[in-house]
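Multiple structures are listed underneath, in structure tokens.
Two complexes come next, and they have one chain in common, chain A, joined by chain B in the first and chain C in the second.
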Partner chain A sequence: MTDPLVQFRAVHKSFGSYVAVKSLDLDIQRGEFLALMGPSGCGKTTTLRMLAGLEAPTSGTISIGGRVMNNVPPHQRDTPMVWQSLALFPFLSVVENVEFGLRMRGIAAAERRERAMMWLGRMDLQGFETRRIDQLSGGQRQRVALARSLVTEPEMLLLDEPLSALDAHLVIRMQGVLTRLQKDLGITFVYVTHSQSEAFAMADRVVIMGHGAIEQIGRPQEIFRGPKTRFVAEFVGRNNILAGPVKAGVMTTAQGPVPVLSGDGPMEIVVAADRVTLSRDRPAGAAIRAAFLSEEFAGTGIICYFETPDGAEWKAQVTETQLAELHPESGQDFWLSWDPARVHVMG
Partner chain B sequence: MRALGWVYLSAVFLFIFAPIAASFIFSFNSDRFPTLPLGSFTTDWYMRAFSRPEVWQAIANSLIVAGVTAVVSTFIGFATAYTDFRYGFRFKTAYLALALLPPTLPLVIMGLAMLAWLSQLGISGTLTGIVIAHVVLATPFAMAICRLRLSQMDPALEAAAWNLGSSQWGAMRHVILPFCAPAIVSALCLTAAVSFDEFIVAWFVSGLNRTVPVMILEILQGNVDPQINAIGTVVFVTSMTLVVAAQFLIFRKRQDD
Partner chain C sequence: MTRRFDPYPHVLRLPLILWQGAFFVIPLIFMAAMSFWLVKNYKLEPNFVFDNWTRMLGRGAFWDAYWITLWRAVLAGIIASAIAFPAALFMAFRLSEGGRRFALLCLIVPFFTSFLVRAYAWQVILAESGPVNAVLGGVGLVPYTMLNSGFGAMVGYLTLVLPLVVIFQTWSLAAIDRNLIEAAGNLGATPLRVLGSVIIPAAKTGLVLGAVFAFIMTFGDFVSPFYLGGSKPPTLTILIIDTTKSGQQWPRAAVVAVVMIATLFAVASAALRAAYGRRG
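Moving on to the complex of A and B:
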């Protein structure tokens, strides 16, 4: 593999007594679509802002293209960002917004107009150049923000939850626009989001952060099916977690003994909600008993929520037909079973 | 109820504007004393008032003082508001309270304090002295207007400018100032109006360099003369134009958010 474009080495950032990012080591490759994902307050936005030079690391080094950037002010970096609020300039027209970066770099008026118009065309915004920002729709503003950031032809684009203000159907469309753009340009995208559907749909690699540290890095599939820590298992997807000591193929859990295929000593296993089967009678094999709480329609299926006797929440994904056959009532006991070969062992 | 509301509103406006309207009407009335019925229409009082060199001198003084006060207090007010917007620091509440304090002081106290202080500096009775006093009075207004505008600004806007290659000064010039332009013009108008109208402090510190309000009092002390109505009408129209312009700009800027 070639040299990474960005290297975080033991990066630490605190605001007063609050630690936002701790001992962060991360390589970002040239041309990859990397998503930084985690709940709010996990340090993902701070990480992005440090990359843009808007925050300086308290300790550690950040290098871009092999050069240590810790004390380089934002305007001397080539790390344009698409902001959550878009931060378009309301007193400038569409084309003046797009030109801004070129103007700040002292590029002559004629050339910058030409380059800005090229990007407006590329973003399907021809004919809108003299409009004011408040005369555009949400999706159009989004594309102006993208054009404004890309007009200087950077090696890397930073995106801070850029789709969070859009309607659901626009989000899907913009995801398509962004992935295609990233592949066409071949530049690095660093995308901060708390939405796993956005991260998993677009990114080549996903970094899951929690409490200022990296919990797991991997391809979307790896993270979805193979969470390494309890934090990731709980944050990503609809997972059920069982923990307990394993001896002779049986795990002793708070929900009773459960057969497992291998292992010895304390273990944590993840049973994905879509791999849980519901039944009224006790099935053979791995199963626990839980009381039905409620159901939730989730587009691809229906998520049923259960409570085990010791108070843990379990989720099972069923189809509409299955739900109609079972017609569960609140408080009713069910057996939740799964194939021990299709669980994920954490750690 | 609705009709009653209109009556009430009209009564309030009548109460506020009747004296000014009377002054305006009598400034064109040929009678020496303000009595009804009115005499004939005349612009004589304007002619007489504006043929006096001391009136022109006072107007010139007032315009110079108002202009310089507007520029200086808007600059200081904007800088104060931007400091508040951009930086967090200890004692910020105290800083803001101090910055907004001057209008809450009784003007007589302010006038006396200014007189004592400016005499110590040896600039009492000069236009510079009046400007200093008026800047103290007007700056909080300029600051309040600029602060309001900055509070409407997405904080990411400035960072976005840096991110796109602007230095700190570049972002100030290309983003903050254009964004605040309506507020700045509005603050210029309002502070000019504050200075142009201001009488008490100017009376204390003006000495021989009288501004228009001070001169009006001096004419009034001599005798009641309809020339005062004429001058008063001109002052009122000037101030109202500035205040309305300021209001218009404050109102209009809402549209581009």
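Moving on to the complex of A and C:
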């Protein structure tokens, strides 16, 4: 691999007594689509803002292209950002918004108009250049914000939950726009989101953050099927977690003994919801008993929620046909079984 | 669906309409009508002649007073805005929410004393033998005459309008979306260019309103030019006093007042268009 574009080294950021980011080490490669994902307050936005120079690290170093950037003010960096609120200038027209970065860099009026118009065209916004921002739809504003950030041809684009204010159907469309744009331009996208579907749909690599630290870095598939920590397993997707000591191929859990394929001593295993089978009678092999709570339609299937006797929540993904056959009622007991070969062992 | 008459909003609106009618519109109409009346033997006599208008507008002294009043009001608006702006910037962007509330309270405190009292205080401070000249004399400078001059009047105008201009500006600056300021820096704007190309345009409404307020209050102020400006040169307000004192010429004073109100309307509406106007 070539030199990374961005290096975070032992970066620490606190606001008073509140620690937002702690001992962060992260490399961001040139041309990759990296998603920073985690629940609110996990430090993902602070990390992005430090990259843009909007916050200074309390300690540690951040370098971009090999240069330590800790004391470089935002306006001397080439790290344009797309804000969650978009932060378009309401007192400027669409084309003036797009031109802003070029104007600040002292590009001549004719050239900056030409480059801005080129980007408006690329974003399917031709004909809108003289409009005011409040005369545009949400999706159009989104594209103006992208054009404004990309017009200076940066090496890296920072995006702070840019799709969170859009309608669901627009989110899918903008995801397509963003991934295509990133591939065409070949520049680095750093994308902050709390949405798993956005991160997994677009990113080459996903960084899961929790409580100011990185929990796991990996390709979407790796994180989805192989969460390394309990935090990731619970945050990502529909996972069921079993913990307990293992002896002679049997794990002793709060839900009873469960066969496992290997291991010895304390262990945590993850059973993905789409690998759980439901039945009324006790099946052979790995299974636990739980009471049905409710179901949720989730597009690709139906997620059924259960509660085990000790109060843990379990999820199982079924098809509509299966649900109709089972016809579960609230409080009814079921057996949830799985293939021990298809569980993920954490750690 | 039939639309029922909903009296509620009309009832709520009524006090304002009555107030404006009783204390603004009716006196204004009366004053405009009176400008066509005549005074005979120190008594007002309803009439409809243009005598007062031709006499007042035909006088050079009237136009001298008009231009000096207009000029001072413009100047006070500009100077007050310029002095207020750094203070408002500091209050809007450097102070905490609580600090800003305290500072705004401090700006309201001056209004606890009558403006006349504050003008008298300036008379003492700016007097030939007052503390300012004592300091100037102490460092070897000749005493400077500050009272009964345009400078004295300007001190009075600023005393009157500055706190309000700071309040207007602070409100409009504090209301700016901080993301816009960050976005400008993020797109390569130096702090000075952020000020010029984002903060000022975004706060335009409040900045213009502050200046217009200063203009309006200065234009109609009588205390500053009279007690601190020495009535020389006379402003329109002093002209009104003089006209009513000499021979009970209320109709001619009404002419001055109508011209003043027309000017204020013109300036205020132009400024409001500038403040709220959008391009495109």
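Convention: the second predicted complex is superposed on the first by the 347 of 347 C-alpha atoms of A that agree within 3 Å, B and C clash if a C-alpha of one lies under 4 Å from a C-alpha of the other, contacts with A are read in each partner's own complex, and residues count from 1 in each chain.
Going forward, a contact is a pair of C-beta atoms (placed from the backbone, for glycine too) under 8 Å apart; a residue touches a chain by one contact, two chains touch by 3 or more.
Model, not experiment: these values are computed from the prediction.
**Student:** Fit or clash for chain B plus chain C once both are placed on chain A?
**Tutor:** clash
**Student:** So, does A:261 touch the first partner chain B, the second partner chain C, both, or neither?
**Tutor:** The answer is neither, since A:261 touches no partner chain.
**Student:** If you stack the two complexes on chain A, which partner ends up touching A:131: first (chain B), second (chain C), both, or neither?
**Tutor:** A:131 sits against chain C, while chain B stays out of touch.
**Student:** Looking at the overlay, does A:79 come into contact with chain B only (first), chain C only (second), both, or neither?
**Tutor:** In the superposition, A:79 contacts both chain B and chain C.
**Student:** With both complexes overlaid on chain A, does A:93 touch chain B (first), chain C (second), both or neither?
**Tutor:** second
**Student:** Following superposition on chain A, which residues of chain A contact chain B and also contact chain C?
**Tutor:** On chain A, the residues that contact chain B in one structure and chain C in the other are 52, 54, 73-75, 79-81, 83, 85, 87, 89-92, 100-101, 103-105, 132, 148-149, 152.
**Student:** Residue numbers of chain B touching chain A in their complex, please.
**Tutor:** Listed in rising order, the residues of chain B that touch chain A are 154, 156-157, 159-167, 170, 174-175, 178-179, 181, 255-257.
**Student:** What part of chain A is in contact with chain C in the complex they form?
**Tutor:** 52, 54, 73-75, 79-81, 83, 85, 87, 89-93, 100-101, 103-105, 130-132, 148-149, 152
**Student:** Under the touch definition given earlier, write down the residues of chain C that touch chain A in their complex.
**Tutor:** It is residues 177, 179-180, 182-191, 193, 197-198, 201-202, 204, 278-280 of chain C that touch chain A.
**Student:** Within their complex, state which residues of chain A touch chain B.
**Tutor:** 52-54, 73-75, 79-81, 83-85, 87, 89-92, 100-101, 103-105, 132, 134, 148-149, 152
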